[in-house]
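The following blocks contain the structures, represented as structure tokens.
Shared between the two complexes below is chain A, which pairs with chain B and chain C, respectively.
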Partner chain A sequence: MAGIRFEQVSKDYAGHKVIEPFSLEIKDGEFFVLVGPSGCGKTTMLRMLAGLEETSGGSIWMDGADITHLEPKDRDIAMVFQNYALYPHMNVYNNMAYALKLRGYSKERIQDAVEKAAVMLDMEKLLKRYPRELSGGQQQRVALGRAIVRQPKVFLMDEPLSNLDARLRVQMRAELIRLHAELKATIVYVTHDQVEAMTMGSRIMLMHNGAIQQVGAPMELYGEPANRFVGGFIGSPPMQFLQGSLSWEDGRGVFRNETIKLFLAGDCSFQGEVCLGLRPEHLSLAKEGDANTIQGTVEIVENIGSEAIVHFSVGEAPLAIKIPTPRSLPKNGESISVMPGNLPVHVFNLETGRYIAKLRSEG
Partner chain B sequence: MKKFLQYSVLCFAAALILAPFIYAIIISLETVEETLTYPPVLWPSSFAAASYGKTLETAPLFSFIANSFVVSFLVMAGQLATCSLAAYAFVFLKFPGRKIWFMVFLSTMMIPWEATVIPNYFTVRSLGWLDTYQGLAVPFMASAFGTFLLRQHFRSLPQEIYEAARMDGCGRIRFFLTMVLPLSKPILMTLAVYAFLTTYNQYMWPLLITNTDNMRTVQIGLAMLQWDQGISWNTTMAGIVMVSLPTILLLLFGQKQLVRGLTSGSTKG
Partner chain C sequence: MQKKRVFPLGQGVLYLLPSLLLFGMFVFYPLLDSVKLSLSYVDLMGEAAGYAGWQYYREMLSSAQFWHSLGATLLFAVYTVFPGMFLSLVLACLANWKLRGIGIFRTLFAFPLSIAVAGASMIFMMLFNPSTGVLDYFLQLFPLPAVFWLSDPNWALFSIAIIAIWRSLGFNTIVLLSGLQSIPEPLYESAHVDGASPWRIFKDITLPMLSPTLFFVFIVSVINALQTFGEINILTQGGPVDATNVMVYAIYRDAFFNQNYSYASAESIVLFLLILGLTTLEFWAMERKVFYR
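After this line comes the complex of A and B, so read on.
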């Protein structure tokens, strides 16, 4: 187990910067999730940490030692690959034992370690099988087992669940959380799925276009997104945005555009063009006579039983509302009236996308 | 009906291809007189195997076959070693100009072998390798074609396996030996069969650099039968039958690998 420190690490390919210089500290025993859309540089960052990719600048430290130029095998790091990368010609036992054999461990010690990991992952019966005889979920377990037997200082996982079907993914997610608790190991986990990030991460780092957007606990990113990108990325369904201008009149904020006017309250003095971020779960259907509402036209209704997402448009802008335990739902083309109620409304600078404040509706 | 048609066509094609060989066997069993009559006798009267004994008296065919086997085996082993290592470097090692060097490598396939015969001859002679196994084998121990074949296959191995092995503490040579080679058995078999047969069938090079009977290879032995015996066809054919048998057996056992290997890499998965 070990803490990791990046110091001004950057990466470029043929003069093109793919990762802006960044510094970061990952604590010992943390489940650290790198999340972002495809091509944001998260995998590159993981591979630099693994030593599979050279850094273009800066240094990487682990346990107080500079590992920037160390060979992958000397870093005491295990990695789980997206496509598992099992050795096809070796059975499960040998797949897991391989790294230990290379280390010259005794037969008994290897057997002990492999069996322990097999029990942990509930695959004692699979040890004699070959990878091609396993299902995707089982292969995934073997890949995890291969990392576990090594008892590395740090686990790296590169989208390990993305090749599994939805049900299995949920199951493996829970299993990974349990494993982390059991191993108390430092895990650096890459995913493009914000649900995985939110549910598993002790801390999350969200990246976009090779730059860090925000680092923090899942609820920090959810509750106080550093910019519009973070707001739109974290949360499901994602945060929706309304453009308009914010001004302060008689101590209360007024958000205006061609179609709506909302009164807001909160600790803020910014005036000018803003972008209002509304989370679908923070909106509720307005009853007749409610003030400070938003009117729109229903476009799509997604009902999944326990809840429904209603997508509607306000002028040109798309918004959505999440309705728990839906009984009667609005239909396509109907007009809908919603209100932020007492829940937070996020304000971002329209130009820079930066977070300005969290306000509440003042009805 | 459709099956019947398919099989008829296949049988006809098989007969067409086998005909010369069967005819060779028939002639080898005929007497000298029968081979000279016209129209040709298609069914020997005696099935006399005497021609086989006579052939072996004329030329030490078994020692030729042994020579060919030694040389073919050396070339096969040499090509497997050099081609797999070269292909490994081209696929798994990153070095400047990797692509260009590979092109250069491939372009040597375009130089007709005949064009290099004379320089090769001088090299081998100056090494004092005339009339030796190494003279017969060493010039063929590397091949651009073999390298190309293996490279295509190695490229189809997932890069992640290499990375996973590296993280597991596997060095380059170990990765080559414990991962790449075992995962490439079919294609290595293909190259082995191919290298073996091509060498076995060589004529010009052995003819150039061997001068004594104890170094001659089979194809030259066959030619010798013709020179020495004029038109004694039954002994010549007996020689051909004996010489072909090993290669036919090899092909019989190796054809599955050969076909699988030659088409692998052309499509993914």
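After this line comes the complex of A and C, so read on.
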């Protein structure tokens, strides 16, 4: 177990910066999730930590030691690859034992370690099988087992669940959370799936175009997104945006564009062009006589039983509302009236996308 | 139901027909005819003229010449197969490096494939020449005694093997390189993270993953070695003192110089059975050790 520190680490390929210089500290025992859309640089960052990729600048520290130029094998890490990278010609036991054999451990010690990991992952019966005889979920377990037997300081996981079907992914997610609690190890986990990031991470780092957007606990990213990108990435369905201008009249914030006018309350002095971020789960259907509402036209209704997402448009802008326990739902083409009703409304600078303030709608 | 089954079968046969015709004409018919000729008296026109039974087989098995040819053939296979595979594996591994301009080397390594046996033989005839050849020139620099590559009975088979190895490098390297390239990169990375040295990675990942390709190259190399003819016909004609009189060349000489068609047919049937037997043996002995993904 160990803490990790990146100091001004950057990466370029052929003169092209793929990761902007960044500094970051990952604490001992943390489940740290690197999340972002594909091509954002998160896997490159993980591979630099693993030693599979050279850094172009800066240094990486583990447990107070500079590991920037160490070989992967000297870093005391274990890695779980996206496609598992199981050795196809070795059975499960040997797949898990390989790293220990290379370290010259005794047969008994190896057997002990492998069996312990197998029990932990509930796959004692699979030890004799070959990877091709295993299902995707089982292969995934072997890949985890291979990392666990090593008892490394740090576990690195590169989208380990992305090749599994949806049901299995949910199951493995819970399993990983349990494993983390059991092993108390530092895990650095890469994913493009914000749900995985939110549910598993002690802390999340969201990346976009090779730059860090925000680092923090899941609820920090959800509740106080540092910019418009973070707001739009975290949350399901994602935050929706309205463009317009914000002004303050008699202590009330007024948001205006061609189609709507919304009164806002809160502590903020910014005036000018803004982007309003509304979370679908923070909106509710307006009742007759409600003031401060948003009018729109229903476009798509997604009903998944426990809740429904209604997509509607306000002028040109698409918005969505999440309706819990749907009974009677609006139909396509109907007009709809929703209100933010004293729930958070995020204000971003329209030009820079930066977070300005969290306001509340009046009403 | 019945009709459904018949139609695709007929269609399948139709698709196979061109190859069946060619194989039939140039492989299956000659094979069967050789069996027949080897059991018959044959006139000078090559026509069967009466049943001879096993006479020619008995004659062959009691001939020292035959056993010598068989020995030379097997020795030639030993000379060529393993060194050829080893060298092409080295070349394929080199060509598998991701370097700038590696494509040029890959093309160069495959180059022997494009040179006909006659051309290759002429090139090596010059290299092997004891008075003007480059090889002896280098030997004398060291200084080592000159070798009479093609005219010394102790060296001739070995010299022919060098040509055969060189000629096989192109094909073998291409096949092995494609085998190497089909090994997924994450396996290497995983082994790297697991702490494997380059040699362990080669031994534990590359070789097992390459085993089907190596097996294929091995089978093809053995068959090719047992059937070598061109270099020998051009450079040594089986000599000196029968040193390079391998079975295929002996068959050729018995059939078309000595006009002994029956005897040559018997020899060719034995060679056929030898290749068949060896290949079967190789499959039996090695297939279990080959890992197919």
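Everything that follows uses one rule, which is that the second predicted complex is superposed on the first by the 363 of 363 C-alpha atoms of A that agree within 3 Å, B and C clash if a C-alpha of one lies under 4 Å from a C-alpha of the other, contacts with A are read in each partner's own complex, and residues count from 1 in each chain.
The working rule: contacts are C-beta pairs under 8 Å (C-beta built on N, C-alpha and C of every residue); 3 or more make two chains touch, one makes a residue touch a chain.
These numbers were taken from a predicted model, which means no experiment stands behind them.
Chemist: Superposed on chain A, are chain B and chain C clashing or fitting side by side?
Modeler: Overlaying the two complexes on chain A (C-alpha atoms) leaves chain C and chain B clashing.
Chemist: Of the partners chain B and chain C, which touch A:L168 in the superposed model: first, second, both, neither?
Modeler: The answer is neither, since A:L168 touches no partner chain.
Chemist: Is A:R132 contacted by the first partner chain B, the second partner chain C, both or neither?
Modeler: A:R132 contacts chain C only, not chain B.
Chemist: Counting only touches as set out at the top, which of chain B and chain C does A:L285 meet: first, second, both, neither?
Modeler: Neither chain B nor chain C is touched by A:L285.
Chemist: Is A:V254 contacted by the first partner chain B, the second partner chain C, both or neither?
Modeler: Neither partner.
Chemist: Under the stated touch criterion, which partner chain does A:C268 make contact with: chain B (first), chain C (second), both, or neither?
Modeler: In the superposed model, A:C268 contacts neither chain B nor chain C.
Chemist: I'd like to know which partner A:A78 touches here: chain B for first, chain C for second, both or neither.
Modeler: Once the two structures are laid over each other on A, A:A78 reaches both partners.
Chemist: Does any part of chain A touch chain B in one structure and chain C in the other, and if so which residues?
Modeler: Residues common to the chain A contacts of chain C and of chain B are 50-52, 71-73, 77-79, 81-83, 85, 87-89, 98-99, 102-103, 146, 150, listed in rising order.
Chemist: Which residues of chain B touch chain A in the complex?
Modeler: 158, 160-161, 163-170, 174, 179, 182-183
Chemist: What part of chain A is in contact with chain B in the complex they form?
Modeler: 50-52, 71-73, 77-79, 81-85, 87-89, 98-99, 102-103, 146, 150
Chemist: Along chain C, where are the residues that touch chain A in the complex?
Modeler: 184, 186-187, 189-196, 200, 204-205, 208-209, 211, 291, 293
Chemist: List the residues on chain A that touch chain C in their complex, please.
Modeler: 50-52, 71-73, 77-79, 81-83, 85, 87-89, 98-99, 102-103, 132, 146, 150
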